[in-house]
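Think of it as A, B and C in the order they're written, each chain with its own count starting at 1.
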Amino acid sequence: MAHPPADVPDPSAEVPEVPEAPEGSRTVLDAHDIARALTRISHELLERNKGSEDLVLLGIPTRGTHLATRLAERIARVEGTDVPTGTLDVTMYRDDLRRQPTRGPQHTALPPGGIDGKTVVLVDDVLYSGRTVRAALDAMNDLGRPATVRLAVLVDRGHRELPIRADHVGKNLPSARSERVMVRLEESDGYDVVRIAPSPGDALLHPGEGS
Amino acid sequence: MNKHLLSVDDVTPDDVATLFATAVEMHDVQHRSVKKLPALRGRTVVNLFFEDSTRTRSSFEIAGKWLSADVINVSAKGSSVSKGESLRDTVLTVAAMGVDGLVIRHMASGAAQQVSQWTDAVVVNAGDGTHEHPTQALLDAYTLTRRLGGLEGRHVAIVGDLTHSRVFRSNVALLTKLGARVTVVAPPTLMPAGVTAWSEAAGFATSYDLDAVLPTADAVMMLRVQRERMSGGFFPTAREYTVGYGLTRDRLGLLREGTPILHPGPMNRGLEIAADAADAAGSAVLDQVSAGVAVRMSVLYHLLAGEGSVA
Amino acid sequence: MSEPLVITGASVLGGEPRDLYVADGVLVDAAPAGARTIDAEGLVALPGLVDLHTHLREPGREDAETVLTGSRAAAVGGFTAVLAMANTSPVTDTAEAAERVLDLGRAAGLVDVQPVGAVTRGLEGHELAELGLMARSRARVRVFSDDGRCVHDPRVMRRALEYVRAFGGVVSQHSQDPDLAGPSACCHEGELSGRLGLPGWPGIAEETIVARDVMLARHTRSRLHVAHVSTAGSVEVLRWAKAQGIDVTAEVTPHHLLLTTDLVAGYDPVYKVNPPLRPDEDVHALREALADGTVDAVATDHAPHARHDKEHAFGDAAFGMLGLETALSVVSEVMVTSGAMGWADVARVMSQTPARIAGLEGHGGSLAVGSPAHLALVDPAAAVTVDRDASVSLSRNNPWHGRRLTGAVVATFLGGRPTVLDGALV
């Protein structure tokens, strides 16, 4: 297994202070890395779509939604147009619903123009088993019929259990199943970082989760 | 959340917040073209109704179906006593078919609680006698929360046949739990036994004077009054009842503009509620019906979707 | 005839330990030859208990109880005589019906089963049953009751009270005004019933009838017995009536001495009973009234029901609870352990007075030499945890299940013949 560099860059002055990495974990992407990855993905999206026309970004709550918003901001800066953005909750479509205590669904909101005939980019933080994306595809099916669906993720950590692949990846992160990938974003956590840690047993309970 | 929903006592304010948050999402589903979520796929919900109630049964049926549960309606109308079968036998027979959720309506108070002791299925009380109707109270509180922006400190008047009302019992418990100030209004003969001690212990007010209560009300909940009560000597005539306790056109003037008016239905127009009131701008009657499906979806989802909820 | 017995070291009615001798079914003054010895050291000897109020369900509901199974329960409870209520199917409202119950009791042979006759034909409250023919029958009926229903019509009640004077009879009234206790009423009316949404009936529904009846008894100069008194208000009326010299007696059930209405909060029909379980204030008034003699007797109102008659919603389930096997333990727990009564008082309220009210000869004595050897031996220190499945009754509607009580019947003798030894049927 390839080990990324162990040296952790100091957080720069303008980004919020990142708490010390917990014992045993290491930082995979810092705030700058995340920003660069998102900028690259936003360019890829425009290139692939030949502009922003008919593009819709749908984030999967919670952090996928934040990432979708950030991508839309970057596209707006480049193209000067607002890409319709929404949020797509998949809680009720999960195939492991009955293996966990019930959790309330989060908000689903489609942009006003809907998704019919659009190029929908699903955005999530971590791609792992692929089950969340499968659930998202089902959820979307109940909401409309896009022309094309693409998938953008910040981290692809491997270990797919379904025939699903991402079209746009911030970072490919080879990992062991026993490891835990934690994505923290300023909007929900106060700071940006992606870390990997040897997992205590509890991470195995929810292997489909990135964080 | 408790395993069953038998009474408002089964939910904490936090549970209610969770149920309402989910109900908001379910409400959105009602406006989709595909009104279907897969959350309860493979689950079987039986609506076991010992008493007719088209509206409650339909509401639970739609809620279950939109969550993809298999919903079966079993009408066990009429007392099982007269059929020689005990309630326990009836319930065990139905449960033996492999039921995950049992939505039960019965004309006797306490029936849902008894049933929950006889079966492993999740039991939801859809109205037991004159005891409770917790999903009705949840949908009323949900409707009021949406209309008023919150219940803390709000003054709600519940008016009508309190003695025979499960809607009153569930609502007074839930609304006070959520921080509302409740005044119940009825003639003395339609106040439940021991209401003085009860109201003091539970923290709600009682009044015989509707006109004195309405000006400070943030919401009014009118209860159905059955005409049969006259023969029980509870009040002399329908006319006298309406003059004393009906929400008449004149009384609408005592309410602030837009005050929500609730009624669990079916309404006796002209008896407890005038047509003008039922159709007034503040009337929340149709909101209640649509909230009913969303709230029941939320209840079924939280009680039946996760682990530990399989019979 | 029974074998001769020497019962050693029994505390007779709670007094100093001494030996009791039984020959030919009668208490004698010296040890008979060849006697079997029964060690009763540490036990209290009481005259065999007499229950003024038992439902044996036969004929009609032999799936709930029979005269035989009810007799077994009575014997286990220390009883040597029970009055079998008339609300069977058919109703005990004829001489033939009464004799049939008497004969079934004799065939069972465990306790003296004395039939109660209906006051009105079919318990319908309209026409008097053949009270005189029942009195003249082999069953020698003296207690008449429509129990389960109230003799509500004041004209009928007046005539019944007058009529039974001819043969020393007594009317045992189930005091409950049906107009104040509606057809769906199923528990005590009060704050709890209001909260639970259960239709109840208030104490006043009993008290107005008790008040009316004591005035009728005064007017007719007849004897009145008030069955299962359940409220403090009824006690007040009785106290007043007795002070006036009105010939009235009253009974209280063991359950009304201990169980309170809050037990119905879980909607368990095992606690559904008529009269209903009442609040604490009533329970305390009843204990006081029993101790001071305002209430004369304890009677079980043993009311067995088949499971399928109880496994309904609370409002639909049958009224009634078992009582014969646990009555003495409850009275011991509530009245003796607390110091409110001694064992001589227990003998008075559970044997002597009931026997006198019912006109039962041979029962309810003082264990004097020459009287029939109907007696019960009680271990006053025994701690028992009631197990409904250990009951010899056919039914299981036992509200005492799981409850710990102090004091238990160890042995029962009917005419010198042991029916129960070591707490079990012989």
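The definition used in the following text is that contacts are C-beta pairs under 8 Å (C-beta built on N, C-alpha and C of every residue); 3 or more make two chains touch, one makes a residue touch a chain.
Small disclaimer: the values here were computed from a predicted structure and weren't measured.
Going by C-alpha centres, which chain would you call the most central?
B
Can you tell me which chain pair comes out on top for contact count?
Ranked by C-beta contact count, first place goes to B-C.
Report the chain whose CA-based centre is farthest from the CA-based centre of chain C.
Here the answer is chain A, farthest from chain C.
How many angstrom lie between the CA centroids of chain A and chain C, rounded to a whole number?
Computed value for the inter-centroid distance: 77 Å.
Calculate how many whole Å lie between the centre of chain A and the centre of chain B, each centre taken as the average of the chain's C-alpha atoms.
42
Whole-Å distance, chain B centre to chain C centre, using C-alpha means?
Centre-to-centre distance between chain B and chain C: 45 Å.
Help me check something: in the complex, which residues belonging to chain B touch chain A?
1, 18, 21-22, 25, 28, 32, 34, 36-39, 67, 301-303, 305-310
Residues of chain C touching chain B in their complex?
That would be residues 189-200, 202, 266-268, 307-316 of chain C.
Which residues of chain A touch chain B once you look at their complex with the stated criterion?
Its residues touching chain B are 89, 92-93, 97-108, 138, 142-143.
Write out the stretch or stretches of chain B touching chain C in their complex.
Chain B reaches chain C through residues 79-81, 84-89, 106-111, 113-114, 128-132, 163, 166, 169, 192-195, 197-198.
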